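Let me give you the structure first, and then I'll get to my questions.
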């Protein structure tokens, strides 16, 4: 018979095991929800210092006002008010390359840049800048965008970036991903034709990667954070809806450009 | 011009406002992710005692092993490994009446039972039991299921229930919803033909309702918790997949019963 | 060993069976996609007359311009352009009670009204009107909305309604559901305080129910039709996007009403 | 004021315009659902010959038995039976690279191979084979998979492939994409270390591309077809469910390998 192994959890008639612990006796009331989320993905419990940085990153990624994902979730609640899960799912489905993928893309980009570079804890700022120049130059040659740089609203500085870097430093989790990202922030103006801020989503990705979390799951933390943000939007939509007004606005300003394109036989 | 009011958040070029606070200066590193989730929905900051109960409820609802929602998420990651958001959304779409809706359904049921009952903090256990008898009897008459009772695995007692009740009591948040649910737990064996445990999802719903959170958003907290659980499942699936084996098992044991049903002209 | 029975389909190394037929030899090039969709759900092949009505109903339900579901799909494609399936899923998740559920809700409502009424093919218009009066009166007493009546845009008459009724009549599929719906259309002005048109989604639901399709799957046909409509919207969005403009419009007209609601300790 | 242009459709109080036609008068009962789907995406009406090939492709892609997407949809219906749209969306979210993306990936691959190759209608089989050798060799050099080749079940020949090619030829829509795919089918055994069949999804993609449909929307047609397949699965699941048995099987054969991984302070 096929067996299905899992390290996550299981239940017996009188207990629930989660990650090697008794859920009711060992975890309820003893760990925060954020700590459990870290543990489930990393398959190890975070230190207190790591947890502080991790919770800060989640808080940083939770909400950004009327994003396309928030609008999609609100429109869906308007259409199907009885299905809160559908509205949340619709919002999360926008967690793709353009809006919510930056966190993971930045971490992946930095990990590739660090791969084989031989960076150590004793590297000087000049060492990091040298690596950053190589990484940025390579991207330019390959016509690839550098994730983590630039923001449509925060054109000079994303207010989250410095705070996340500071928290990582204060808690001793600042590592090579953030170091390389900061170096890219220093060297890119001389290589590109403009100066861009390090955005908060990118700093968040680097901070999570420095916590040792797996790169390909980082988008997942952005999604977890955004789920809380969407709950806020949908609670507000239930009380003071804006979706009907958005719908009317779009519908009334639709300009129909259809023409008879009949080319059939 | 139409305006779109929101209390949640907004951005300017150099700051992000969230719930009346400066995200970077006032919130990052200063509140937990769980606290922010509470705040976003309740539109008020929880007390420390409320937050302890709230985080415990989220932890209680996070994961239950290979549930149908976890299986759906893993099958979807197998089909579309490049779209983590799609796998999470597929898992959350199972947050309906049967598996994840119990939390909200129980709270709604209890709120209806409390409506007009005139319960006060000075009610004795006998008072609560009397109300519970009325509520259970009414459900029986209307052939409605009593949500919050019974569990497919924990047939005697759900290990989370007593712990959540205890935490609510210790933190001073124990209120009428939990009181009525416990009374239903006491009186139902005499009215139904069997004794059922109060399940953890139901206790979670009552505990959240006693925190003053809006009933129709409670399913949302179960969804938030389950998002973290799904992250755990999907991180594990990326490393040690079980979806291919589930697929093969189902496909190989499929018995095709199709017959030529052609009745067309 | 558990077996998983299915009538739908199965594959062997050199053939694919679908609904009791060889897919490649018997179906490809020989039936339309609409016919296959009917067959899969009804588990019987439609007659040519039934198929004409069925395809017309799908065409009637395909698109309505910039609906909330189309807007949600377009916003999601904007956020995650690499995941077309996510954008379609987001759009379909709005297929709930308010926008796409009318088809199924109307059929369910009519089926309840017909249940036990003893309607026969020989009923006169007066018989139908008498039943309709009972059904509408019962709804009024129970404060239930009558699905299938009224439309936000087509306030006098929904142009699809008469055509669908005519097609059902011409093809011999007109039955009790459409008869009752038309009678409701005749009698309701004397019972409600206003005259409402029979909407196209309601007529579509009645027409499908008269084809003998299972009531609880009718929403599914609205979803299938809308999938094609969403493909049209998303193809257009890929070429001439409107989502960025909708996003900017909402974001720029957001009015932040957040206040410091800190009540924590 | 921002305007939102669209060619798809619009409504006035007494008419619905779709693609430059009056929906009720010009389309209902006069075109098939498949024809409307083609028209919406291509923004032109197909010829009768094109439509025959297009409908055959949709039929070919509709269902494959208990695929991961069908399992995900059924598990979701089991968890949330009240939300048919959620179950369909969950199923469609598996329309990614591994299971439903082959159609689009093959067309994209072929289009890249054709780009700049100067193929004309007068090319001989030897010309096509020469191009196919270049295309396959380039893929091997770049360690890229060749989409459209190979199938987990149909190891010798996918029964749909020859029929789709024949229909394209008979209807005069056979063009360079199918020609190149067939040439790849002929030359690859000498370049790879094995002989693989051209799969039906790949042939479908090539046939759609030869109809002039936009490459980046081809996944959408696979999704539309699969929506009908999922309706069949969910109608069957409502009557004779298999999801509970799948769930029990997985749950009972779960092997918990969790260990105390506590490394926290």
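In order of appearance the chains are A, B, C and D, and numbering begins at 1 in each one.
By our rule, a residue touches a chain if its C-beta (ideal position, glycine included) is under 8 Å from a C-beta of that chain, and two chains touch if they have at least 3 such contacts.
Computed from a predicted model, the values in this text were never measured in an experiment.
Touching chain B and chain C together: A, D.
Farthest from chain D, judged by the mean position of CA atoms in each chain, is B. Work out the mean CA point of chain A and of chain C, and you get 37 Å between them. In terms of their C-alpha centroids, the spacing between chain A and chain D amounts to 30 Å. Annotation: 24 Å between the Cα-based centres of chain A and chain B.
Among the residues of chain A, those in touch with two or more other chains are 2, 4-10, 18, 43, 65-66, 80, 82-83, 85-86, 89-90, 93-96, 100, 242, 246, 249-250, 254, 256.
Within the complex, the chain D residues that touch chain A are 1-10, 17-21, 39, 43-48, 80, 82-83, 85-86, 89, 93, 250, 253-265.
Residue ranges of chain D in contact with chain C, taken from their complex: 2, 4-16, 18, 22-25, 27-29, 31-34, 36-37, 40-41, 43, 52, 55-56, 58-60, 62-66, 83-86, 88-90, 92-96, 100, 153-157, 159-160, 162-164, 167, 214, 216-217, 219-221, 223-225, 227-229, 231-236, 238, 240, 242, 245-246, 248-249.
Of all the residues in chain D, the ones that touch chain B in their complex are 65-69, 71-72, 75-76, 78-83, 86-87, 89-90, 93-101, 242-243, 246-247, 249-251, 254, 256.
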